[in-house]
Structures are given as structure tokens and as C-alpha cells.
Amino acid sequence: MAKHETPLLDQLESGPWPSFVSDLKQQAEVRAKNEAGVEFQIPQDAVEDLLGVLELSFKHGRTHWKHGGIVGVFGYGGGVIGRYCDQPKLFPGVEHFHTMRVAQPCGKYYKTSYLRELTKLWDFRGSGVTNMHGATGDIIFLGTTTPQLEEIFYTLTHDLNQDLGGSGSNLRTPADCLGSSRCQYACYDSNALCHFLTNEYQDELHRPAFPYKFKFKMDACPNGCVASIARSDMSFIGTWRDAIKVDQDAVNKYVENDPGYPANAGAHKGKDWGPFDIEKEVLALCPTKCMKFENKTLSIDNANCTRCMHCINTMPRALRIGDDRGCSILVGAKAPILDGAQMGSLLVPFVEVNPENDYEAITEVIESIWDWWMEEGKNRERLGELIMRQGFQKLLEVTGIDPQPQHVAYPRTNPYIFWKEDEVDGGWERDVVEYRKHHLR
Amino acid sequence: MAKHETPLLDQLESGPWPSFVSDLKQQAEVRAKNEAGVEFQIPQDAVEDLLGVLELSFKHGRTHWKHGGIVGVFGYGGGVIGRYCDQPKLFPGVEHFHTMRVAQPCGKYYKTSYLRELTKLWDFRGSGVTNMHGATGDIIFLGTTTPQLEEIFYTLTHDLNQDLGGSGSNLRTPADCLGSSRCQYACYDSNALCHFLTNEYQDELHRPAFPYKFKFKMDACPNGCVASIARSDMSFIGTWRDAIKVDQDAVNKYVENDPGYPANAGAHKGKDWGPFDIEKEVLALCPTKCMKFENKTLSIDNANCTRCMHCINTMPRALRIGDDRGCSILVGAKAPILDGAQMGSLLVPFVEVNPENDYEAITEVIESIWDWWMEEGKNRERLGELIMRQGFQKLLEVTGIDPQPQHVAYPRTNPYIFWKEDEVDGGWERDVVEYRKHHLR
Amino acid sequence: MAFISSGYNPEKPMENRITDIGPRHFEEFYPEVIKKNKGKWSHHEILEPGVLVHVAESGDEVYTVRVGGCRLMSTTHINEICEIAEKHCDGHLRFTTRNNIEFMVDSKDKVEPLKNDLKSRKFPGGSYKFPIGGTGAGVTNIVHTQGWIHCHTPATDASGTVKATMDVLFDDFQQMRLPAQLRVSMACCLNMCGAVHCSDIAILGYHRKPPMIDHEYLDRLCEIPLAISACPTAAIKPAKVTLDDGKEVKSVEIKNERCMFCGNCYTMCPSLPLADTEGDGIVLMAGGKVSNRISDPKFSKVVVAFLPNEMPRWPSMTDAITKMVNAYSNGANKYERLGDWAERIGWEKFFEVCELDFTHHLIDDFRQQAYMSWRQSTQFKF
Amino acid sequence: MAFISSGYNPEKPMENRITDIGPRHFEEFYPEVIKKNKGKWSHHEILEPGVLVHVAESGDEVYTVRVGGCRLMSTTHINEICEIAEKHCDGHLRFTTRNNIEFMVDSKDKVEPLKNDLKSRKFPGGSYKFPIGGTGAGVTNIVHTQGWIHCHTPATDASGTVKATMDVLFDDFQQMRLPAQLRVSMACCLNMCGAVHCSDIAILGYHRKPPMIDHEYLDRLCEIPLAISACPTAAIKPAKVTLDDGKEVKSVEIKNERCMFCGNCYTMCPSLPLADTEGDGIVLMAGGKVSNRISDPKFSKVVVAFLPNEMPRWPSMTDAITKMVNAYSNGANKYERLGDWAERIGWEKFFEVCELDFTHHLIDDFRQQAYMSWRQSTQFKF
């Protein structure tokens, strides 16, 4: 029998979508029964109390968690979020209920043997409740007590060959789309770049030296499956510089409505949209109208293509990304606080993604940006805010990148140009007396 | 022989476009000769000196005019711009060189008898140099001395039945497109509205009671021939609410390339663009794609038409504006200083333009806005800046206009909503002690 | 509950310490067929909702069955996932960027048994443990945040609002009848850990009452200058306050009319709680996107300024969402994202066809760029 | 030069004073055919560049011949205009909103004599007095401001730059070969009396040196607080300054790096002059429009950050303008305004085809909305 009555939560057990309430209840029961004979290092009824406190919130319409204190593992400035219940008497099992962020493997592929090691550890030393995964990408262990933190870290590093992820004013755990591992659209190996940067910058990830958090995300093509442009201070989005590769036979299969060639790889199968119409569905929707289909031949004016992916997505068996591949780097995305949300702004139109030289071209950009931000960024100022405050020009200056029209959606609409003294003939110092000779008062 | 050498200006006498230099020179000569025997009330060589000082500016690359002092006619706070030369020794003829703004007739139609009265007065009491017209719309008398101001005003009002225009923190002289006087697109009589408001608000025009300048402009249709949306604090743009009127026979004449029906009334005659193609030139360019041409019949889904004028402009003999006519009011346009330029923002989607009741529906909006701006506007704060500072909501509140999605291009992207206390159940006062009973520290 | 050491010695924290090793290498975890064909994929097809095949240049195929993940997940549930993966997939699986689970098999005949197994598993309350779907032109999992399950600043619950929403959108999770993909996201406060600002539909927890001030404790628990500077609207000032017992303490004063309830001060100072039963609730946003396909990525717009927290199923919220999804589904063109549709028909028509009220709250008044969202045109629909 | 009184008595200014009578009533001035058919026009046609016919429902016609007006105009010139109007048009004429002159006749046979008369009139230097044109898909008159002829704040001349530009664009004034109308505007300082911010092509005078400070006179001639508060970037501070003669005066100090040369302080205070031979010059903007046709009105964008004042014909400026007009003319679709064309091909292509340099100055860094002009997309052309 449940420790707390949860009439409101119980109503979330019905309905088709997996019920987190049912799952928590099953977990509570498993812990209560403890058939595996686990020597629980935190209260056995933690999950019962978690349900209890959540029910109370459902009743009150308010959270019952307090600010976390500063808890963590020795030498790391992140990876743990402290959390305490504001009704510890009622719910002692969750009085301390910290989360740990465990760095996820790039691409989020798993072997079950590894997952089972994780669950075993977490049953033993934590609540057995997780997030798979956190919004940044980490594996989230949800709920343990302070004394367990070092123990868990020890086991993770010694037995699981596994480190914590980021939190605090650090580099956060980078995240990626699955990329070339299983996607024909990938312009670079996002898993490899993500893994490399995560390891290259372990120090930045674990030891807070930044003004605020900093996030990397890798989308291996402009489809943006890890939403990097919305959620990362630095977003690496795959692209190419040469021509889209066209298989004309396959194009015609689409045009002929060959069943082996469903439009958009079948993504629209749930409704009858009528036969595929290349004019209407591809050419007319191309944002630059740079395609032609004449005499059964599709031609693309690649100089005017903006690589939006639409035609490729729509006819994936006929069109392929080009061969001269790399990525664009966009910077500054962030959530709304304080001055409003930002999406990433294009900083590097194209850069090679080259593991052979340890992604030199990319780490150069990263490090010049960090140097600037660490020098100039105010406390709790995200990169995007610094760019807004000091100007995009400044960003170009510190990264040594030439201004290009690609940097803007449109040139400035105001003529308020801050000229620098050395750009203006004769400098700024002038003699008003001399001036007054020609211009009486 | 010219008083001053003007080698630089002389180069502007060549070339096909009317040369202002040639005109000034002819004027200088006319004054020098004075065949009409005018008893010039300001220096006869004023125009020579004007050429001289301008030549000096061409040499220096700098202006030679100083700030105007406060000059004007008794009881009026505007209509005159003071101006003094900063090299009076060299150019005594333009030492004092004030401008007077003479209110232009709406629609800018003239009888020559009237124009000749103006030129006579101006030859007599001023430089004989004008702007036809100033950027706001006034007839500009360019260059006279302080003692002449009252004299000119007296003659204007007594003999020419003519008043000055605006300057200073006043209502400025309203301006309009020619409207229904000669244009089939006019949705209201812009000349009449312009004249009415100019006279209705003579007090606001002549006696500075505003925080800063305020401009009205009237475009009788969305083509915007007086650019009101860019240049007036309050812009009255004609529109209609019912269906575009279609003459199907005429449509087909266009389709058949009948020479009596040139596309866009012949505006593109200078180049061979090929035969008129209604699909490409009209339907495909309609911003809302709300038109169809089938079986020789043009149909318009008027509920989705945004009255952009394109189809009407393109086939003016076939399409006519609707019958339920009025205007939209947009507010806040202004030049860039201080916070950047603004275009007018839509405040009143539709209002009737009714001379029968003295445009009551319009004057109500004007006056409620003025009340607010005069109450809240800071010194030198344009209406647009006040709206930015206090919010568009505030503008709706003071004008009593219901918020409508028509007011926005898109709803806000940030959720930073400033709720008011009375909108929130239970108000804002809360008891932290009571709260702490449920939420321990 | 005896304490059992992992081997860690608190006396000598640096002894044998291993740090900075990062995550496990992804290659360890790739299924065989992935490892072999990585970078050499030819094309893919969504065979039916939730079932994809990717075909390699080599001719190899990998079949993926995607199932809904309710990302707040117990170890028991994870173990069950492992059990399935071991049974069908050689012990491999992956999670998607939207917290779905993907089971991959390397030949077509393994798909049906896997699907049947997945479909057969339900929780006692009747919900699916592993609903198949979430692909193509449909609704997939809602990315979301902690809510009342773990965070101290939420204005609503995350898992609860998500469960309520996914139940009403469940058909579209298992179908692909929409004009394009429709991404719903959820964040329980303005910190927006779900980065919902670029979603087709976004559920956002929002406070509407200025913070209470716990004067008695404030100076003891908070750094007053940090709290003050945290406020984006400069609503907070330092103040001296006399408590009921006559004691004078340092504290702060809040200009309530300047507050837009962002909670940033509370993040810096626990003595400034905002949460309130009536004050807190939901903001709905719509029309954002992230992909660069056809149109540029774009921000979501606020379309419903406030809905109360109605536990446990937030019916007003799910109702408004349903209206939007239906209107979109009826009105948009093939391939057209919700925001592109709204822009094409005009936001005035969006409110009309979605049967949502337009209120003054939806007009931007935050900072100067608000201006750009007003209508500088005579082009509008009546 | 004896003073002659108008009748005004300075001793008794209110005697017989007439005020607030406004402008003359427009109806006095309408030509007969206009008065008769007002509000009842059926349609119009541009017969040839500069010549329009408007046909009324009554069948009446009015033929309009439009000629370039160089709006800085002497009374001598106005009298000549009157002479023409009296000869051909019953003494009526009008000015357009862009300072052209329109001569109207009520029957077709009156058009040729009028045209011939107009064409025959030239200034001694060779320029036309009354060039016919300015209609339809071409270039019309440049709206402009005072410049060095009368204002105290210009950074360039108005009439001079306009004459130079119209001379190079003259063919397009007399043709209608462009994709759509192309409106050039000119303003000689940032006050933008020409409201050039929404023009296809805008010529703008701009300073590039912070004000000099005339310490000796400043406090005597200016209100220091007004000068300080006039500065949009808060670059000006009050200061005490010791003059060469040892006298200490109140004055101001300017943080030069914060100055963006707007001249607003100079507007408030004549002791802060900015004008400078090398510092001053021209900014070119492009791509704005005012009409609501097809696309919304839009702001012009800065496309050339600076060109020096090259008197008397500003060749670098006219060269850049010519390049834009030619590229537009070659590249745009029928009915497409310059800004719509630039947006369609992308601004990166605009700079390429117009052969203009893109420099860091063209990236917005003024206030927060600058952000919106950066590129938040991977869609761009190489």
C-alpha cells in the first residue's frame, strides 16, 4: 500500500501516453519489496515521498523544493544540483534530493550492459529515478543525499569509466544529433566532434572559470535535429560548399510516383495528399527558387542555393548533399533571461571539420571567443549578451574573422556608425580656434 | 558680372537636370538689373552672396550657416526658421537669412494669379529664392531679415488670405496626396480632410503646446504617394472593407493584351517585358495569393485580401477599390534621432472619413492621443518614442481602442508580460508568514 | 541502512582520484550495423509511424522502432528497456534528442516481433509503456523540464502538463497526417530549460505575482546586491525594514508595477519567493521552429497569455492546444510548419481559426524591439 | 533701400491682426476639369514618360505633363512656370509630392504644343528648365533638404548632390525601363528632413568626428543640461575647464568613443560644432520603400558606410548609385522594388552584383534590436 494518498496523480495513470505516475509507483513498489536485496544508501521510501510531495504540489499549485546549497564532488565545480524539500517532516525520504548529471555518450547510443551498471549504482545509492535525458543532454540521476555524491563519483570513474557532466558557470555537456552514424544528411561526424570537444575541454567543463554557463551543440546538417541554433552558445551546423548531387533517374522515379520513392521518405504517409508534384512540392517551395525541372532533368543553380535541405528531404533517394563538407558556426543562443531569448547568429559561414588536425580550425574559434568572454563578460552574462553589449563587430575582431554580408540578414537600417578615430582622416583632435576663423560665432 | 567667383558651382550648370546654379544666377541677374523696379527690402545682392557662401562651402566641405536665434511673428510659435551666416563680412547680403514657411494649399494645386502674388511679395521683401516645396509640404520662402517677418505676415494674411505653416513644437503643416481630385484609387478625399484638420487645429499649429513636433499626412490609398507612413506622427491611409470591384470584360482585355489596356496603365512601357501574363504578373505576386483566374473569370477571396493595391495598380481598368471606404490610422513615424527611425504603426484599422460630422471619428482619436502625449511626453519626445517608452498597450488604453491581432505583425516573442494587479486573482499582497507555513525556509 | 563505501576515502580525496575522463566513447555503444555503415548511408524511409529503415550504400539495412519515452524514468523502467533491447537488438538501443527510445534491428523480419513485444507492454493504469510513433509529419515527444518533481522555481508542473498534453495528442503521435512535423515543448519557468522559444507549440510556466519579501531572513540568506542586480527591470531597491519585533534589518523593496515576474531575483535569493496558487499558470506560445528547412528558424510567439494551473489535467490548456493543432492540420499546406502557416494566413486569421482570444498581453512591450512586432503596414485582413 | 510698411504697426501688433486662417482653399485652385470630375475618375494611362491621361466616368479627360522641378527655385523661375501655365493650362498647375511640376490640359490636342514649349526652354548652361518625365517605372525627382544652402547642421550639400545624381540618372527620369519605380531621396544630416529612411536609394550626409568644444563660449551660449540630455549615447558629461587665460568655466566633456556623430548636441548647443572637411561625407542607403504594394513598407539599409564629399559632382557617390541602379535594372523582376529584389537574391548577392564592398560598418550595433539584423540561419549563399 502506498505511503501517501495521491488522488490527483492517480488520474494521470489513465490515458495512452506512458504514465510517469505509474512508473514512479512501480519503482516505489520495487524498492519497498526490494527483491534484489539492495542495501539502499538513501531512504528506501524516497520514491513514495517523491510521489507524496508531488501530490502536495498538485494540490497547492506550488513547488515544494527549496534552493540547493552548494554541494558537489571535490575539485569539480559542477555536475551536481543541490535540492532540499521544504516539507522535510512530511517527506523525510526526499529531505535531501540532489541530482547528478552524468555525461551521456555522444549520439546517445547505449549498450544494455552499461545501462544496467548505471541502474544498479543508482538503485543502490540514489532514488532510482532518472531523466533519460536532461534538456542539455546529460543522463540525470534524480535524487540522492550529500554523502553519496563522492561515492557515486568514485564508482562512476573507477568502475564505469564514466565522468560527470556540467553545471554551474562551466562548459556544459556538449550534445549532438546522431549524425553520420545513421543519417545520410550528415555533413560531418557530429558524434566524433562532440566527443572530441567534450574531452578536449574537460577542464572547462568541470572547473568554473567562465562568467556563466556555455553550451556546445552539434547538428550535422541544417535540419537541426539537436536544435543547436536555439540552445547553444556555440552551434556547429553541418553544411557544404559545392553542388547538390542529383541522381536524375531517381528524380524521375519520384516524379512517376514510384512506390519505392515516397515523397519525404514517407513522412506524410498518414494522409492522402494526392500524387507527388515536383513543381508544387519541391520547386515552388525552394526558398531561393533556384531549381528547374525540364525535359525530365532537374537542374539546380547551386550558387543561389542556400542549402535549406528541403529538396533533399523531399527526395532523399535522388538528391544528396555535396562533397565539400564542413560546418557553419553560429553563436550566442540562449534562453530569455535577462534580455530576451536569442538564436545563434552566424559567425563562421564555413569551416572544415577535420579530425586529422584535432579540429584545429574549430578550436581556434572556440578559444578566441572564450578568451574574450572570460576577459569581458560580466558575472552571469551569456556570450549572446556580451555580443549584444559589445557588438558583433567586436566578436569579429576578437576572432579575426572578416566581416561578410553572410553575417547579416540585412545591413543596418540605422546609420549610427561608431567610427573609430583611426578610420577617419585627420583624426578627431581639432582646434576650435582655427575652426572659428572660418566660422564666426 | 557676378559678385563672387563660383568655379565649383559653375560646373553644376552643365548636365541635363535643371541647374539650381543657373537658376540662382538668373535670379541674381534679375535682381541686379531690377527691370521691374522693385524697392527691395533686403539686400539686392542677397542671391549673389548666397551663391558666394555656397561656393565657399563647396570649397571647404562645410556649411557656413549658424544656429538661428528665436525669430518669428508675434503670437505664433512657429512658421519662421532663423538663420545667420557665419561669414557676414564676406557675405553681408545673407547675414540674416531666415526662412518663412507658408502653408501650401492641399493637393498643391495652384492658380498662377496666386503664385504671382507670392513671387511679387517675395521679390519685394525677401531673396526671391524659394523651395517649392519643403519636405514637410510648405511653400518655403528662403531668406529674409528679421524686420521683414511681420511685414510679410501682414501682407500674406491681409492681402493674400494666406497663413504661415508650422515649425517648432507644434502641429506641422499637414500634407496630402492629390487623392480623389485626380486619382481613381482614392478611398477618401484627402484634400478635404487635410484642409479640415489644418484649419481645425490652427491653434495647435501656431502656438507651441506640444512636447515636440507633430505631423499629419494623408494618403488616400495604400500606394502612399505622400509617404505618410514614413513621415508623419499620424498617417491617414485610405482603405476599404468590402470587395474589390471586378469588371470581367476588362480583365480579359488585359489578358488578351488589348493595347487600350496596358499593364499597370503603361508604367512599364520603356522596356519590352513580353506579353502581359496575368498568372505571373498578378496572381503570383498577390501577397496573399487570394486570387484565381479560371474560365476567363477572375475571382478574389476578399476576406483574405490585404488591399495591397497590386492587382488594382496592374489592371486599373478592370479592378476598382471597394465601396465601403474609409481610412486606417497609423501613428508614430519619425526620423532616426534619437532611438532610430520609426514607420507608423497601425492603430485604427478602419475608421470612416465623414465630412458630414466634421470627421468626428478621426478627431476623437487625434485628441485622445494629444491629451496623452501632452500629459506624458517628455521635452523633445516624439509620439513614436512615447509609444515605445510606455508601450502600445498604453496607447490603446488612452484611445479606448480594443486590442486586435491587426495591431501586430506577430504576437510578442517574449513572455515578459507586465500583468496588472487587478488582472490577477487574489491581488499581489501576500503574507510571507502564511506562505512559510507551507514552505519552510 | 548501513553506509557502504565505494572505496572513496574522504580523508584523502585525491587518492586514486580519477577525473576528467569524460563520457564513454560512442563507438563502444554503436550496434554492429551502425558501426559498419557509418558515414555511408544511402537513404531511409519511414515505413509506418515509428518505424524507419535506413539503407546503407553497402545494401545493409537498419530498422528502427521509435517509442515514446517518458523521460522521467525509473531504473525499473530502464531495466525493462534493457530487457527488450537484449531480446531483440543484441543489447543496443539509443535515445533520441527528444527523449524517445529507438530500438534498432538489422533485418526486416526482426521488426514485427519487436513491435509486438513493445505494444504488449502496458502499465497497470492502462497507459502504454512503449508506444510506437513519433516520426515524420506528426507529433513527437514533448521536450520538457523538471517542474514540481524537482525544481525550486517552477510555475507549473512539467511531467503532469506533458502527460495531459500527450494523451490528447496521442493520435498524432501515432499518425503522420499533419502538414509537417509539429514540435511541442515545455518549460516550467522563464529560465526555459526546455528552450521552448523556438517550438511549434510551447507550454511555459509563468508567475504573475511579484516576489514576497521574507525580510526577517533576507539579509542572512542572500547577497542583497546580487538580488538587486538580477532584476532585468530594475524593480528592486535596497531598503531598511523594521520587523514586527521592532528590529531593523537590511532588506529590499520591490516596485511591483515594474516586475514582470521572471523570478530571476528568486534564483539569486531564496527570500524572494514568487510561487502562488492563483498567480501561477501557463503561457502558450506557438509558431517557432528550429530547422532551416524552407524558412529560417524562428521564435515562438505568445498566443495565450495565461491559463490557470488546473491539476491534474490542465483541460483549458489541452483544449487550446487541440484547437491549434486542428486548425493547423486543416489549414496548412503540405510541408508547411505551424509558424509558416500562421505567417501565410496572417496572425489575425490564426486567432480566428484557432478560436483564441487576442488580448493586450499579446502585444509586445518589452524593450525597444517590441516596435518591430507592431504592424507597420496597411496590409491586414479584417 | 527705404523701408516700406505693409500696413503692419509694430506699436500695435494686435491691431487688425489676422491669424489662424490656414492655407488657401484647394478648390479655388483646381482646374475646371478636376473640379468637375473629382471623385469620379475611371482610370488613367501613362502615354509616354511624363505624360499621363486620366479619364473620368463622364468621359472627360485630363492630360498631365510632368516636369522635373529643381525645388530650390527662384521667383523668376516660378514666374516662367506661371507663364507656361497661363499659355497652355488656363493658369492652373500643381506640384507633386516629390516637387515635380504638373501642367494639365483638358484635351489631347493641347499636349504636343505644351510639350514642345517645355522642351524648348533651357538654361544658358545647357540644362533643361522643364525636363519631361518622372512617371511610372523609372526614376523621379529626388526629395531633398537644405544642405549648405541654408542649414547649420549638414554634413554635405543637398542641391549639389541631387543635381549630380539626377544628371547621371537622367535617362531613367525620361524612360520607364526599370522593373518598378525607383525613389531616390536625400537628407543632409541625420535629422533626415527628407525622411530618407524608407527610400529605394538614400543619400545621407553624415559626420564622423565628435563635436569640438568651444569651452570659452559654451556656458554663455548653451544650456548645459539640455546639451547633455540630447546625447542618445550619454557621451556628454558636465565638466569644469580651465581656459588658456587661467579662467575656470563650466563646460562639458565628451567621451569620443561613445559618440556616433549624430549632431543632436549641436542642435541644442552651437558651441559643439561637428562639421569637418575630411570627417563629413555621404552614407548611401538602399532598399527601403513606402508603398504597401505587394510587400510591406520597409526601411532602407546602409550599403555604403562612407564616401567623401567630392565637390562639385561627388563622383564616387554617383558611381555607387549608378552601379546599384544598373544591377537592379538587370536583375529584378517586373514590379519588383529594389528592396524586394535585394531580399529575394539575398543581401550577400546584392553586394556582389552591385560591386560594393561589405565592411564592418554595415553590421548593426545600435541598441538591442541590432541582433535582429544578424543572420540567425544557416541559409546563406557563398
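Lettered A, B, C and D in written order, each chain numbered from 1.
The rule we apply is simple: a contact is a pair of C-beta atoms (placed from the backbone, for glycine too) under 8 Å apart; a residue touches a chain by one contact, two chains touch by 3 or more.
Listed by chain with UniProt protein names: A, B = Sulfite reductase, dissimilatory-type subunit alpha; C, D = Sulfite reductase, dissimilatory-type subunit beta.
The structure displayed is predicted, hence computed values, not measured ones.
Between B-C and A-C, more contacting C-beta pairs join the chains of A-C.
One inter-chain figure worth recording: chain C and chain D are separated by 51 Å, centre to centre, where each centre is the mean of the chain's CA atoms. Distance between chain centres (mean CA atoms), chain B to chain C: 49 Å.
Our note on geometry: chain A versus chain C, Cα centroid distance of 12 Å, whole angstroms. Of all residues in chain A, those touching 2 or more other chains are 60, 62, 64, 66, 222, 229, 237, 287, 307-308, 336, 339-341, 343, 409, 413-416, 439, 441, listed in ascending order. Residue positions 190, 197, 262, 270, 275-276, 278, 292, 296-297, 299, 366-369, 371-372, 376-379 of chain D are each in touch with at least two other chains. Judged by the touch criterion defined above, the protein chains are all mutually in contact, each touching every other. Only residues 292, 296-297, 367-369, 371-372, 376-379 of chain D touch chain C when the two sit together in their complex.
Listing the residues of chain C that touch chain B in their complex gives 190, 197, 204, 206, 208-210, 212-215, 217, 221, 256-257, 259-262, 270, 273, 275-276, 278-279, 283, 285, 287, 299-303, 305-306, 343, 345-351, 358-366, 368, 370-382. Those residues of chain B that touch chain C in the shared complex are 222, 229, 237, 239, 241, 287-288, 303-308, 328, 330, 339-340, 342-346, 349-350, 388, 391-393, 396, 403-421, 423-426, 428, 430-432, 435-436, 439, 441. Put simply, chain A touches chain B in their complex at residues 60, 62, 64, 66, 86-88, 336, 340-341, 413-416, 438-441.
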